[in-house]
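What follows is a group of structures, each given as structure tokens.
Both of the next two complexes hold chain A, though its partner changes from chain B to chain C.
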Partner chain A sequence: MNGSVLAINAADLWFDWEIDTWPLLMALLVGLSCGLLGTVFLVRRTALLGDAVSHSVLPGIAGGLLLAGYLVKQDDGHVFGTSTTMLFIMGGALLAALASTMLIEALHRYSRIKPDTALGAVFPAFFAAGVILIRIVARNAHFDEDCVFYGSLEVIGEGSQVLPTLLCSILVILFFLGFYKEILITSFDQQLSRSLGLPTGLVNLLLVSLLALAVVVAFEAVGAILVIALLIIPPATAQLLSYRFDRVLLLAAFFGLSAALLGSWMTILLETVGFETARAPTVAVVAGLQFLLALTFGPEQGLLVQGLRKRALKSRILEENLLGAVYRLGGNPPAEPVLLEDAAARLGYAPAKLSSALRRCISRGELTVEEAAVSLTPQGEQKVAEIIRGHRLWESYMIHEMGAAADHVHDAADQIEHHLQPGLVKELEELLGNPAVDPHGSQIP
Partner chain B sequence: MSAPPIEIHDLTVSYNQKPVLWNIDVEIPEGALVGIIGPNGAGKSTLLKSVMGLLEPSSGWVKIYGDPIEQQRATVGYIPQREEVDWDFPITVRDLVLMGRYGHLGLLKRPRAADRKIADEALEKVGMTAFANRQIANLSGGQQQRIFLARALAQESRVYLMDEPFAGVDATTEKAIVKLLEQMRSEKRTLLVVHHDLQTASEYFDHLLLLNRRLVAFGPTGEVFNEELLRKTYGGHLTVLSRAGEAIRQSKSGKK
Partner chain C sequence: MSFGEFLPEFFSNTLRLTGEFFASLLGQGDAAQATINAVLGACLAGLTCGSIGSFITLRRMSLFADMLGHAVLPGVAVGFILAGSKSTPALLLGSLAAGLLAAALTRAITSHSRIKDDASLGITLSLFYAIGIWLLSWITRASPELSSEASGLNHYLFGNPAVIHTVDLVFLASAAVVILAVLTLFFKELTASIFDPSFTSSIGLPQRFFDGLLLVLLTLVIVVSLKILGVILVAALLVIPPATAYLLTDKLQRMVLLSATLGALAGFGGVYLDFVLEIGVGPAIVCLSFLGLMAAFLGSPRHGILGRYLLHKRLVLKTLRENLLTSAWRIGERGDELAAIPISDLASERGEPPSFTRQLARRMKGSGWGRLEHENDHLVLTASGRERARALMRGHRLWELFLQREASLAPDHVHAGAEEIEHFLDAETLRELEDLLDNPETDPHGKLIPPKSLPGETP
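Here is the complex of A and B:
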């Protein structure tokens, strides 16, 4: 029989539903609500408000616990999950979050302090007060300090612990369904929103309250630090992929959910091969990987696509320069064939640099080669005429309309000729009255 | 006689306790195309924001057809300066224009097909139909201004307040805006437009409001566009006002 310690049971690689259901559900709900709420704060350019709120709730949590300790006598050893205590914690956290955001707002409105300074001054103060209070509370109640900062999805063992998060997520979804247009307009243009008489202040207040709520219910699961990762990274990933607010919201929710799922699963995988990790950080790492992937492979703004586009532009310019050199060196029709070396010398390139451009021009039927000499086909001639037309029109425009000196315009025209759109060429023609020759006396084809 | 579209009575507005507009008293007649002119820092934008109720006055009041602005929101459309929004915001041109309809929709209501139609017509009026599905970030300054105008048109208001619609736009857009303003005036709408170019001010507007912290003059362009009043508007006789304002700010903010 196989007695090796290294033998891995296939079942270990997958979720063990008895143990993993509740932590997974918790992570999914946190990912979902943080993704949606985070998007709003991200597009409002106040992404760090999530940071501030997630730290500011701490004194509220501690205060709520303290109060609950006095008022609720029975202590069953659990702090989170017991409903009465949880209500105190929620209430305290909500108050602390609202107090800190209002204080930040008031500081910058009624003093000369800038918003970022106000934010940076307020939330560490709240956080520090929270840490001190937590120390006091920790003596009286069973309270895992580490979990406040780093989170511990593993400790969630029953459905009742997920219930507050579930309720919060439902509230968040209802809020977005009901107030979508108000969320959009207040995020884009508060003044317009107020000038239309929309409940701008109410929407702002609800947003901060829901953020506070989401942060508090996420606290035990992912901790104060990692909740920020889920508030900022999935929305940032989503924004790389779409420029429509509704789609960015859906994508952010999707990335929040999938980071939670993949992160949880990866933790199980890593555990199976002997790496003991924690779920919350793994979820955050997955979110970071999603961001990197979107940044690299995004269809519109991705670095890869941008790089490819730049390369394509570079080779198009090279081809157009080659055609131009053959045209200019060939002389007036009937044109003479041109040696590739001569064309390269005119452009200031090594001949080898032109070989791939030459191959592409030949394959498109714009150039033909005979005994190392290159000549334009009729198709190539037509294309080059258009480019040179743009070039010479631009030179005329620079000299006649912009007052540039005749010997200063060629280099600029060399650059611009590759980028002139047909519409702009037409505009130049009309502006200049369809000239037949350029300022240097060359014919405009 | 019916109430005027805009009546401003003894309006004083302050920023951080420092008055920037002093005792403005003016009535804008129905159907007027008014240019607000004055030097930088004269309080032109502040005046518009106060009429919109976006700023709380220190004293005085504004009435729109005899009512406070809160009861006349749908009557007044506001076009802020272009710089006041984030043009990298993830939204398309059409969705931005559609925001002009939000004031007509109730809470929890989504724009309907009729609203979309009005937004598309507004886009067509400013010649931006081809850009409907573009992201707003990829627009030029003139195009941005046009879609702001389209959004205002979609509001279908009787009174419009526009903050520097001509700032940083190309010649074609400027002509298009002027045409649009004239068309709106012919529809008996009342327009208040902050303008910074004296050369064109007398040509574009039938009334002028000369402003420099206080109301220097208001009236038909022919009556108020003269050297004496312009010198009063742009001249440096404001030292007393600014020193008084600074004194009020300092004592109210608890400084010595």
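Here is the complex of A and C:
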């Protein structure tokens, strides 16, 4: 901070493997398993169950810690202490997660309380109970309250602390490899999976248990709440980029991993420039940035692409309207040149608005300009004839098949003429028996 | 310390602290003022959250409220960084802005992508929360001035009654006044917009305006309650008391009043529990309210598990007793005296062993329709029992006739339906049946339909 920018050592910009290996591995493992599990909950439209479980494991963790404190008199200075303590914590968390999901289910099944209210009532209550228990634990044992919120990726100093997370990730991967078909079918069609005799209930139970497990092992690393970010955001990012379940799954794992890597790296970079932050929330923020990037720049569903597509459609409609106006004003062949002002007046636009459309039509060779008057080239004439043919066929269709009045069909046809596909026009022709004139008595080109 | 020593000490401590708590509510001085402030703040927050929460839960915005609660955190952090101190207005403005921004982002994600409502709530919640925690983690590591000033900013996570100053109370109270005034003023419109949005727009009320109004009030109440409950738990007070009230009443007006009262009570109880046990005000408030919800879930007279179980039991008992009455009536029809029916006759009419019938007949006790007499060998009906039996049989046989004539069922298929419905026919339906069937005298099996009232007895 005090030194000049030039004094920054290049080594400060990259991981210091002596310190950073285990924290990075931890973050990567959490990102991977949360990304995979979160995808399943996201496509099942129970994304907030991850939210609920991550809040409600807290009393289980604290209860396990409290119980272990009485039974196992050992304290080696880590948040979770010995491996026996870890077992108590796991058991407690699993129990709390299952109890909260069952309570949510019971509340809305056996009373008039709606599911969302049940969810919103149960998990804060579990969380509050957890906080109270933790306060009690903290009086008796070493427990860092802040780790609930900030996580403590930085203090992970040896491989043994990563071991539970590693085991959990392996379990998650094995689960996905072993039960891929069951997960896929139960996620999209519970009825089909039941009629196929798949163990739907078992898969659901395993999923919730694995979720609880993943949340618990992630707890020490990223804190109770930030794990939601890793459970929901990378899968949602993946969903913005693909429609296929297997690809979404792989992409979600990838985004979980990349958020962990980039987030950890960003913390180091930020620290070098004097902006010191905790590592876990940085990972979550990076996951959020990835999502926002995908939301904006996604190749198929991105906001940018959507906007461009909308603009392209708008200018195409404008061009086609211009061609149509020139055609209609020009009269029957041989057509006379039309003033741009007249065309604009017919369409109800200011002439200036048409100038760029005119330029594009000229560059495509559909219109020519002579002495401020516009006329169609043969190529333009063919294009406009097709559009007007669609327009007039549609008018006929509306009158003959839908029973619309002759003076009510024009506006609808005006809208649809830009969207008629050749296949549809052919069907209209066959249906109407290739009519020569439209309902207003105009010729169908 | 063994459990035997721990318990008495615990109780004496609790008693002493309870005394201190109430003494400080009436006392003077800084410590007493802090307690009074905490109680006032918690009660006000509970009152406001409870009343607006009713509308929020009914509008299915519970999880939205939860999202907003988490999402105001970066606003707190940014407000702090910009103001350089924990000045209340700066933090409030920051969190208000963050809440509205989060609401806008949630809507933008759902309307512009294929991400569903719940997932987009989760995304906004975790993203905003993460940014908030990220900023806080920077604040606590930043320059010494900033981080020493920031101590206690952590309390926005859980809330802390010790930091409730008069200025916070002023904000809470004014927010409460605004919110309660708006709720009273627009009660009818909000009710309509909650239960029937399409009706609201059809009578020309702008649905979007009321949704927006709810959103702004919701953000406001979250922001001013933050210091007491903290970001994670604030939504609980918006959801749990209304859900409890929802189980206890069917009228919106009563639900709002009840849930406001429950919220305020939980606030008071939470501060008290924290004073005595030092478990944190926010968690204590939430746990108390949740206990209330569980109590209502189990014990609510109409919507609770116990209430519905008792109702079911009552119905079963009533059906059982009424079936005995109709059996007795059938025996009486054959010319015997209806006053005292031998259990053996009743058993053979019903096709059961007499000992079983006697057990059933014991349960007539307390019904006012009849009881076992003559050494438990006869069922004696009272006048009201005979009257009820007549009404049941009349309903039964009229229904049979109705099924045969109007639903074209065969005479031997009508008994089962009538057997079930006889317990539920009310006077109105009976009168309609009589009119429809033209006051008939015999049923499809040729049996006499009992008259409207027994001869010699007033109907």
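Note that in this section the second predicted complex is superposed on the first by the 437 of 445 C-alpha atoms of A that agree within 3 Å, B and C clash if a C-alpha of one lies under 4 Å from a C-alpha of the other, contacts with A are read in each partner's own complex, and residues count from 1 in each chain.
Going forward, a contact is a pair of C-beta atoms (placed from the backbone, for glycine too) under 8 Å apart; a residue touches a chain by one contact, two chains touch by 3 or more.
Small disclaimer: the values here were computed from a predicted structure and weren't measured.
**Student:** Based on the superposed arrangement, let me know which partner A:323 touches: chain B (first), chain C (second), both, or neither?
**Tutor:** Neither: A:323 stays clear of chain B and chain C.
**Student:** Just to be sure I read the superposition right, which of the two partners does A:45 touch: chain B = first, chain C = second, or both, or neither?
**Tutor:** Both chain B and chain C are touched by A:45.
**Student:** Is chain A touched at more residues by chain B or by chain C?
**Tutor:** Residues of chain A touched, chain B against chain C: more for C.
**Student:** Looking at the overlay, what does A:181 touch: chain B (first), chain C (second), both, or neither?
**Tutor:** first
**Student:** Once the shared chain is lined up, is A:388 touching chain B (first), chain C (second), both, or neither of them?
**Tutor:** Neither chain B nor chain C is touched by A:388.
**Student:** Answer with first, second, both or neither: which of chain B and chain C does A:248 touch in the superposed model?
**Tutor:** After superposition on chain A, A:248 lies in contact with chain B alone.
**Student:** Return first, second, both or neither, reflecting whether A:239 touches chain B, chain C, both chains, or no partner chain.
**Tutor:** Both partners, chain B and chain C.
**Student:** Look at A:120 in the shared chain and tell me whether it touches chain B only, chain C only, both, or neither; answer first, second, both or neither.
**Tutor:** second
**Student:** Is A:278 touching anything from chain B or chain C once the two structures are fitted on A? First, second, both or neither.
**Tutor:** second
**Student:** Shared contact residues on chain A, chain B side and chain C side combined as an intersection?
**Tutor:** Common to the two interfaces on chain A: residues 45, 110, 239.
**Student:** Quick check on the complex: what are the chain C residues that touch chain A?
**Tutor:** Spelled out, the residues of chain C in touch with chain A are 57, 60, 62-63, 65-66, 70, 109, 112-116, 118-123, 125-127, 129-131, 133-134, 136-138, 141-142, 154, 157-158, 232-233, 235-236, 239-240, 242-243, 246-247, 278-280, 282-287, 289-290, 293, 297, 300, 303-305.
**Student:** Which chain A residues qualify as touching chain C in the complex?
**Tutor:** Residue positions touching the partner: 42, 45-48, 50-51, 55, 107, 110-114, 116-122, 124-125, 127-129, 131-132, 135-136, 146, 149-150, 223, 225-226, 228-229, 231-233, 236, 239-240, 275-278, 280-282, 284-285, 287-288, 291, 295, 301, 303, 306.
**Student:** Per the contact definition, I'd like the list of chain B residues that touch chain A in the complex.
**Tutor:** Residues of chain B touching chain A: 16, 49, 52-54, 70, 73-74, 76-78, 80, 84-86, 89-92, 95-96, 99, 102-103, 105, 107-111, 135, 137, 151, 155.
**Student:** What part of chain A is in contact with chain B in the complex they form?
**Tutor:** Going by the criterion above, the answer is residues 43, 45, 110, 178-182, 184-185, 187-189, 191-199, 239, 242-245, 248.
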